[in-house]
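Shared between the two complexes below is chain A, which pairs with chain B and chain C, respectively.
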Partner chain A sequence: MNKALLFKEWIKTRWMFLLMFVVFILAMGYIALRISSAARNVGMPHLWEVFILKNVVLLDQIKVLPLLAGIIMGITQFIPEMTKKRFKLTLHLPLGENRIVCLMLSFGMVCLLLLFTVSYGGFLWGLSADFPREVVGAWFATILPQVLCGFASYLLTAWIILEPVWSQRIYNAVIGLLILSLFMVQGVPGSYIYMLPFLFGTLLLLALYPKISIRHFKEGMQ
Partner chain B sequence: MKIKILYIGLSIFLLSWIIPSLVQLTMDSSPRYPFTYYSSVINQFCYLDQDNDKVIGKDMSGKVYTDAEFDRVLPMFYYRQLAMENAIPDSIQGVPVDRQTIARNSFFFWYKPKDKNTPVIELYPMFESCSGKVDLENPSDMFRLKENIEFIDMATNRVDEQKSARFQQAMERAGFTFPALWVTGIPTSQKSYDEGYFALDSKGHLFHIKMTNGKPFVKDTKASNISCMLPMEIDNRSLYGFLFDTNHTLYYLSTDGYRLVKVLENVNPDKDRVSIMANMFYWTVAKISSDGEHTYALENKSMRQVDSLFRPAPESTWDKTLPYLFPFTVAFQDSTNSYIYPRISDYYFPSLLLNIILTIVTFVVYRKEKSYGKYLAGIITLFTGIAGFITVCLFAKIRK
Partner chain C sequence: MEKVIECKNITHYYGEKLIYENLNFEVEKGKVLGLLGKNGTGKTTIINILNGYLKPRSGECYLLGENMNHLTPATKAKIGLLLEGHVQHTYFTIEQIEKYYRAFFPNWKRDAFYGLMEKLKVVPHQKINHMSCGQRSQVALGLLFAQDPELLILDDFSMGLDPGYRRLFVEYLRDFAAGGDKTIFLTSHIIQDMELLIDDCMILDYGRLLIHKPTREIMENFHRFRFSLNEGQVPAEHEKLWNTEKNNGQWITYSFEPLETVRQLLESKGVQVSDLKEETLSLEDAFIGLTGKY
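Entry: the complex of A and B
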């Protein structure tokens, strides 16, 4: 039954997932091209100076991509469930309610993890050929909150979509916006280092919140 | 219900951040102090007083100066204007002065806690200090200094083993004990001369490291218990920079045999801001801390304090209003460091009056609720104020 549920999630999301993969690879390719073009035009030493002494992180230009990926993944996975109340059928499957929600959310999280690991990991691996570990570390420290923001936006989207009461959806969206803004505060590379435990804790909380919406759903609240 | 409580907690936390931030934006919150400079002509502090839209120059006796008079009372600060008017005096305090002498001996130093508490990428360019050329040239490598010193060629991203070994040996010979605790310098070629870097070794000794004629120059400055250093380049090359020791005393490191010269005591580098406006006669040193601005006039040669002034911090509208509106606030950034993390303020008891009113409103909202939920909602509002009230009455109503 677990496999069947996961297969259902895959059927729903596969094309959008592949499309996001293509977009991420294109975005990374664009940043890599910009670096290589700058290296040819101004020389590698100048690029080092810009990245190290001016704290320039080119990946900042695509910092909303993980956020959008999370929202799109959530919409693709959960909007079909809420159309014509199909989610009722899902909840009637011979699996515990907690297990169903956990499997669905885990599927989305793993897809995003794969997407972010392959695209950003591949990019940073390529970067490490031309730049020292300090620069790669600073870039990683800069994109980590953005990547966590992608997971947060996914969980928030799921929470908001699964909520059957419209007014509560709006309140959840307000809280969601405040939470997302915590992941996107402008700072120098490394400034999030003490915030990371708080961000991981917030993700844990967000993984629990869809349960509130499902309770409302089961109680038939409108 | 447990998950709901977690939701309520997070909502209160977030609203205690955003609502006070928005309210603060509508009020003035940062204190401003008038520009103050010690006059070497009348030997007292002079300042610019903001009177409505007019800025008036005054001295401590209350005497008002016109713009032209004020320039002449502070010739060490307005010497460019006086030079344009051909009005620089021949001598001040019996010492002959001209534009070049004044410029050469004047400098400004501004320090804010963020200068110390900001993450940096720990790679630095080592300039040739004796290139014999007017402009400094950017090197082709950068170095990291932690467990050892390594020079990395920027074109190939490979460690230059020979150069690294030369510097490593020179540092070990000079008594440097690895790992280095921190390194500081001015990592730009846009400066008039280079004095390399200063690094604190694992035993807390401060070392001077630079490259002269392609060879390493490493010297133990004998300074210890240093918490941070801010290197400077000034025209007369009389000092390497300013340092704070672990006892909150500000020094400068003299180029005359690495002598540590005490400037000011009781300066907390993690909280206080410092400005120094120095000229050939006096340094005007200002320390801005939470209680106000302390300004001192120090004699240039001896660093003897000749005058001082204290202006208490004016209480802003925000400072006055905050304790009555919010029981506590949350912030993620502040002016003392660049790190982002939650900072929860103290609890403000004067807000309890507003909280009681909001608690009564909460009971009205929950009047039809029969369960213990209404009491829980009331308690939450009583202790968390506006953020709790919005949460339990709007965002997350507590039901049985």
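Entry: the complex of A and C
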């Protein structure tokens, strides 16, 4: 039964997921090409100097990509459920309600995890051949809030879409923007490392938010 | 008899508008119950309440003995639900949707589903999105029959269907109910379809349950009476006379009472009734007689 439910989620999201995969790979590829071209033009030692002394935050140009990926994943997964209130069919399945919700959200989170791990992980792994481990580690810590922002935006999008009351949706959207601003931090590499546990905690809390919308949906609030 | 559906003292409002107050009804195992009512009388509302998708202001419903808000997965597996407009997961193809639902229901009857799909001349890889409204309704119906539930709840099953598909739907439902151990609770706007199908009839009016009787009892005992009165005279009103009105110069009333009793009731204010005639009604006419045209 779990497999069948995940199959439904895959059918809904597969094309958008693959498209996002392509976009992420292209974006990473473009930045890798630019670094490689700069290394050829000015030499690797000079590039090291610029990156380290000027506190360059790598991938800053594409920092909104995880955020957008989370929103798109949420929309692709949950808009079809709320269209014509199809979610009633899903909740009517002979499975516990919490299990259904947990499986659906886990599917989205795992897809995003896969997307981010392959694209960002591959990119940083590629860089580790040419840059010191400490520098790559600092970049990773700086990028991590942006990546976590992708998971947060996914959970918040689910919270907003599953909410049946329009005025409450707008309220949720405003709260969602404020929460997301916590994840979209600006700073020198490694500067937000102490904030990461707080962001992880926020993410855990956000995983409970869609349940509030589902309770409203089941009460027939309009 | 075993009660499959039981609703106790359901009261519900949308804002300030009363939908029902203390609505009580039961559906016994093996019965086909039709819920009739004009637009806005709360037919879909009661289906939502029954399935736990709407919290009434007060009251409780039980499906197969379980409270509507706490249906266990085992009980949900025994209930087939058709949402208004034959809503389904239209991003699936025929074979994908069959594969999807098959995993959830232990008594899944694959052949019942594909048998119906063959009649529709649809191919397994056809996307439901690209089908007509009638074809989609049959996909939803095929899935319900493959599930082989003990209780079928159908919300406005005839919505958007042409006469052929409606008839097909009704015939399948009749076959499904024929065994006697299946219970069906349904609503429809097309009352002539119900006549072929339902054992019991429940008619909702604004804010209340108007009547809950076996369909046969309504068809056999509820009649239309046409009569004439002298100019300027008005017949007596009585709770046993339904929706008395003058239409094209002739008076009409409806009643469960026999002709002579109706005559006595009409003349109780001293008017002289002439040409009193009794007419047998279809279920649709009976519905209009009970609820009025407006």
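The working rule: the second predicted complex is superposed on the first by the 222 of 222 C-alpha atoms of A that agree within 3 Å, B and C clash if a C-alpha of one lies under 4 Å from a C-alpha of the other, contacts with A are read in each partner's own complex, and residues count from 1 in each chain.
Throughout what follows, a contact is a pair of C-beta atoms (placed from the backbone, for glycine too) under 8 Å apart; a residue touches a chain by one contact, two chains touch by 3 or more.
All values reported here derive from a predicted model rather than from experimental measurement.
Participant: A:80 in the overlay: touching chain B, chain C, both, or neither? Say first, second, both or neither.
Facilitator: After superposition on chain A, A:80 lies in contact with chain C alone.
Participant: Tell me the contact category for A:44 with respect to chain B and chain C: first, second, both or neither.
Facilitator: In the superposition, A:44 touches chain B alone.
Participant: Check whether A:135 is in contact with chain B, with chain C, with both or with neither, and answer first, second, both or neither.
Facilitator: First partner only, chain B.
Participant: May I ask you to decide whether A:218 touches chain B, chain C, both, or neither, giving the answer as first, second, both or neither?
Facilitator: second
Participant: Could you say whether A:14 touches chain B, chain C, both of them, or neither, answering first, second, both or neither?
Facilitator: Neither chain B nor chain C is touched by A:14.
Participant: Applying the document's definition of touch, where does A:4 land relative to chain B and chain C: first, second, both, or neither?
Facilitator: second
Participant: On the superposed three-chain arrangement, identify whether chain B or chain C touches more chain A residues.
Facilitator: Comparing chain B with chain C, the partner touching more chain A residues is B.
Participant: Considering only the contact definition stated at the top, list the common interface residues of chain A for chain B and chain C.
Facilitator: After superposing on chain A, no chain A residue contacts both chain B and chain C.
Participant: Hey, which residues of chain A end up touching chain B in the complex?
Facilitator: 43-45, 48-49, 51-53, 55, 129-132, 134-135, 138, 171, 174-175, 178-179, 182, 185, 187-195, 198, 202, 205, 208-209, 211-212
Participant: In the complex, go through chain A and note every residue touching chain C.
Facilitator: Chain A residues touching chain C: 1, 3-4, 7-8, 11-12, 80, 84-86, 88-89, 91-96, 217-220.
Participant: In their shared complex, at which residues does chain B touch chain A?
Facilitator: Touching chain A from chain B are residues 3-4, 6-7, 10-11, 14-15, 17-18, 118-123, 125, 138, 140, 142, 144, 152, 154-155, 157, 187-188, 332-333, 338-342, 394-396.
Participant: Which chain C residues qualify as touching chain A in the complex?
Facilitator: The touching residues are 48, 51-55, 73-74, 76-77, 79, 81, 83, 85, 87-89, 91-92, 96, 99-105.
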